[in-house]
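Here come two complexes built around subunit A, the first alongside subunit B, the second alongside subunit C.
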Partner chain A sequence: MSIETIVQTLLFGALIGSLYGLAALGLSIVFGVLKILNVAHGELIMLGGYGSFWAFNLLGLDPYLSLLIVVPGLFLIGLALHFGLFARVVRFDEEDRIKNSLLIGFGLTLILQTLATHLFTADERSITTSYSTAAWEILGIRLPLVRFSGLIIGIIVVVALRWFLRRTYWGKAIRATAEDWRTAALAGIDIRRTYLVTFALGAALAGLAGMLVTLQGSVSPNIGLQWTLKALIVVVLAGLGSVPGTFLAGVLLGVAESASALAFGGAYRELVGIVIFLIILSIRPQGLFGGSHA
Partner chain B sequence: MFIIENLHVSYGELQVLWGVSLKVPQGSIVALLGSNGAGKTTTLKTAMGMMKPTQGRISFRDQDLTLIPTHKIVNSGLFLVPEWRGTFATLSVLENLELGAFPLRARPFKDKTLEHVFELFPRLHERQSQRAGTLSGGERQMVAIGRALMAKPDMLMLDEPSLGLAPLIVQNTFKLIERLCREEGLTVLVVEQNVNIALGIADYGYILENGAIVGEGTTDNLLADQRIQEAYLGI
Partner chain C sequence: MLNWRTGAILLLVVALIALPQLPFGEKDLLTLLISLFILAALSSSWNILGGFVGHINLGHGAFFGIGSLVTRSLWLDQGWHILAALAVGGVVAAIVALIVGAPALRLRGTYFAIGTLALAEAMRLTVGNVLPRVSRLPGPELRVYDIEPRYYLALVVLALIVGVSVWLSRSRIGLGMMAVREDEEAARSLGVNVFLHSMLAFVLSAFFAGLAGGAFAFFHVGYYPNYTFGPVWTFDAVIVTYVGGVGTVAGPLLGAIFFVLIRDVLAANLVNIHLIIFGILFIAIVLLLPGGFVELLKRRGQRLIPAGASTEH
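Right after this comes the complex of A and B.
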């Protein structure tokens, strides 16, 4: 095996991993603040993907420009889903929240998948632009631009999200609510509104990830579960509370997957994530970066 | 004037408050005294909209607060420093204080109040970038009170401010509360098990037992009352 092949494979892993990281950010922030697990997060990614696909096919909109529609669109869908479904769950105590959110999330998963199949058929769809195959080549290593953009966008999102959480009143309100919602309420923070905005923010991030997933691969009604699973592994790996940590954990997972593909062949790729998941849960349940907070 | 009238509160089947009534006149310090489990904390929680009464009315300056959400009550000028202090351990001291100014009524004064809080607690100025979770109990108390002041409240409610603190720190805390009332016109309702220290600064006191007010009076009258001396002052 040449050194180029190894570097190339690991680089690809890192680039795919930045999508894992982006997919996990939304799930992590919703889990951390609302203490609910939205297993339909992958379906929101799927919806974001379709949003970009149709914007490209019907309106001729460049996928990156389509984010201007997809991200606010998913934000609105997030508002509606929280308002209609999850707002009822967050009234419970924290233990009951998880259980009830799982039930609602699984139901939502089925509904959104079926809806997408009916509306868009079960076909795999992808976006092919003039630059889809463009790549830089450095010392024999190929760097496909579309995949590289995932890493760049991921870093921009991390910086922006961190700034929002640390510097703005709303961001601080979200962090305070994540730590202790009772005290946050006593500080004059409207908890219900914080939950609503946070959930919608998580959905908007899913929409962003969905565009990149579709641009780099394809979208179909049933991609949700695999992305929820990846996001969940990343959240467990990273722990709650650190935005850069979550993204970094995504990249690490991507690299670990491709390293294992190099070592044991592609068949074991998917297994690596699950093994990491189990190891982290048993030796460091707070995650690699848990508790470092935004 | 802050008024609680005939407050009844239940945790599920278990009723804990049975018609509690009390008044806190503008600019005064009122103490709500009683032993553990008497319903003091429940009274404050209900006043802050964290529990719903089955009966009764809470009002502040003629504004009905019953059944209003907590953040709106805070914005109307009431602030509670809870028993668990209410500092955000993962946030820095400065962030904790800034969050205190979250209510819209307080935001325009944020910088000025922050200066004032740092004057009152120079220690917090030194430690502003430190995480609140790493502070000592006394310092966390300073953050809790500083955060309350940042909200620009007209009335401050304190739940067991002496809990778990060294006697000297308790004394300083109560001196400060008294000063904030006498010099800055803050209205105060303080809930305490430590009857001695609370009556040391209060104008008026209520005795809560098993969810009902069983005695009330000016500080001097309460201190002179033999039943109270026996039950709470250990004389």
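Right after this comes the complex of A and C.
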């Protein structure tokens, strides 16, 4: 195995991993603030993917420009989902809250996946632009532009999200609510609206990830579970509360998958993340909130 | 005591046993009933852990898969008798649950759910990798394919799981399991061994899921080995149980009847529309009616009986 092959494979892993990171950001922020687990997060990614696919095919819109429609669109869907469903769950105490949110997300998965199959058929769809195959070549290493853009967009999102959470009113409200919603409420923060904004933000991030997933690979109605699982692995890997940490954990997962593909063959790359995930869970069975409650 | 309820159940059982011998007991009807029995058995097996103990297992399909894989290879490839193959399939699923259970049951609530989800996905991928797409269509077995034994096997598996569920719902062990579901700390303080009760439920649940998988392998002879490990088996079992009534014996049965009816009535016109209906019903039930259909029936029943006249409870 040449050194180029190794570097090339690991680089590809890092680029795919930046998608994992982006997919996990939305899940992590919703999990951390609302203390609910939306297992339909992968389906929101799927919807985002279809959004840019149809924007490209029907309107002839460049996938990057389609983000101007897809991201606000998913934000609105997030508002509706929270308003109609998850807001009812947030009233429960912590254990029931997370369990019921899990079940609702589960039902939502079923509905969205079946609806997508009806509306868009089960075919795999992808976006082929004039620059889809363009790549830079540096010292014999190929750097496909479309994949590289995922990393760049990921870094931009991390910086922007950090700025939003630290510098704006809503961002501060979100962080305060995540820390201690009772105290935040006492300080005059509208908790319900903070939850609403956070959930919609999570959905918008899923939409962004969905566009990149479709542009770099393909979208079909059943990709949801796989992306939810990837996002969950990243969230467990990174813990809650750090935006750059979550993104970095995604990149790491991508690299780990590629490294294992080099070592054991491609068939086992999917297993690595799951095994890491199960090991972390068994070391910390009390889960992610264990530390912050002590 | 033979009241009307026991009588109706006995009548139903006799009718189900006699059905294949009756003139209208045709192949289409039997096929429909077999898939109903298997779904009801799988849902009831999920209900033992998910309903009685309250641990949401999102990897239940893995045990269904193990049961079908073991049963199929022993029966078709090794030439065992189907009953022996089926029993071993269930036992292997139970043993896997015993091994996995120790670390998995340390996980609390949601972490148990996502942990089992990941575990099942790991098993599905592994089976898909190790046994890639070897689907031998067994010619000789298909030529003598007879629907009747499939029907009776599925019926027996369902009867077994329902019997155990009824026993659990009334026994000391079952009450211990429900105590764990209601309040783990309180149960522990009353001397209930939480881990042991959870583990027993997990193993029983896996054993019966394995039997259901074995019945599926006997019924549905040709498929890829990792098909039965798919998450769809878990998902169907969970929604069927919740819609029917989680934590009750009748719930998974009612849910399965409703599911199969809607699926087969609507499937002719629109593929899979039953999943949308069931998804919406499922969410509505989680939010508004946590007891499912069984709760609905109970409420109606209570309204019909004047206050104070009820002898139960």
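What to note about this one:
The working rule: the second predicted complex is superposed on the first by the 281 of 294 C-alpha atoms of A that agree within 3 Å, B and C clash if a C-alpha of one lies under 4 Å from a C-alpha of the other, contacts with A are read in each partner's own complex, and residues count from 1 in each chain.
Here is the rule we go by: a residue touches a chain if its C-beta (ideal position, glycine included) is under 8 Å from a C-beta of that chain, and two chains touch if they have at least 3 such contacts.
These figures come from a predicted structure and were not determined experimentally.
Model built by superposing both complexes on subunit A: subunit B and subunit C fit together without a clash. When both complexes are overlaid on chain A, the residue A:182 reaches subunit B alone and has no touch with subunit C.
When the two structures are aligned on the shared chain, A:190 is found in touch with subunit B, with no touch to subunit C. Contacts of A:271 after superposition: subunit C is touched, whereas subunit B is not reached.
Of the two partner chains placed by the overlay, only subunit B lies in contact with A:172; subunit C stays clear of it.
Of the two partner chains placed by the overlay, neither subunit B nor subunit C lies in contact with A:60. When the shared chain is aligned, subunit B comes close enough to touch A:241, but subunit C does not. Once the two structures are overlaid, the count of subunit A residues touched is higher for C than for its counterpart among subunit B and subunit C. Fitting both structures onto chain A leaves subunit B and subunit C with a minimum C-alpha separation of 17 Å.
Subunit A contributes residues 169, 172-173, 175-176, 179-180, 182-192, 241, 291, 293 to its touches with subunit B in the complex. By the touch criterion given at the top, residues 37, 85, 88-89, 95, 98-100, 102-104, 106-111, 113-115, 117-118, 225, 229, 232-233, 267-268, 270-271, 274-275, 277-278, 281-282, 285-287 of subunit A touch subunit C in their complex. Of all residues in subunit C, those touching subunit A in their complex are 56, 58, 103, 106-111, 113-115, 117-119, 121-122, 125-126, 129, 231, 235, 238-239, 242, 270-273, 275-276, 278-280, 282-283, 286-287.
Taken together, the subunit B residues at the contact with subunit A in this complex read 48, 50, 69-71, 74-75, 79-80, 82, 84, 86-91, 95, 98-100, 102-103, 106-107, 147, 151.
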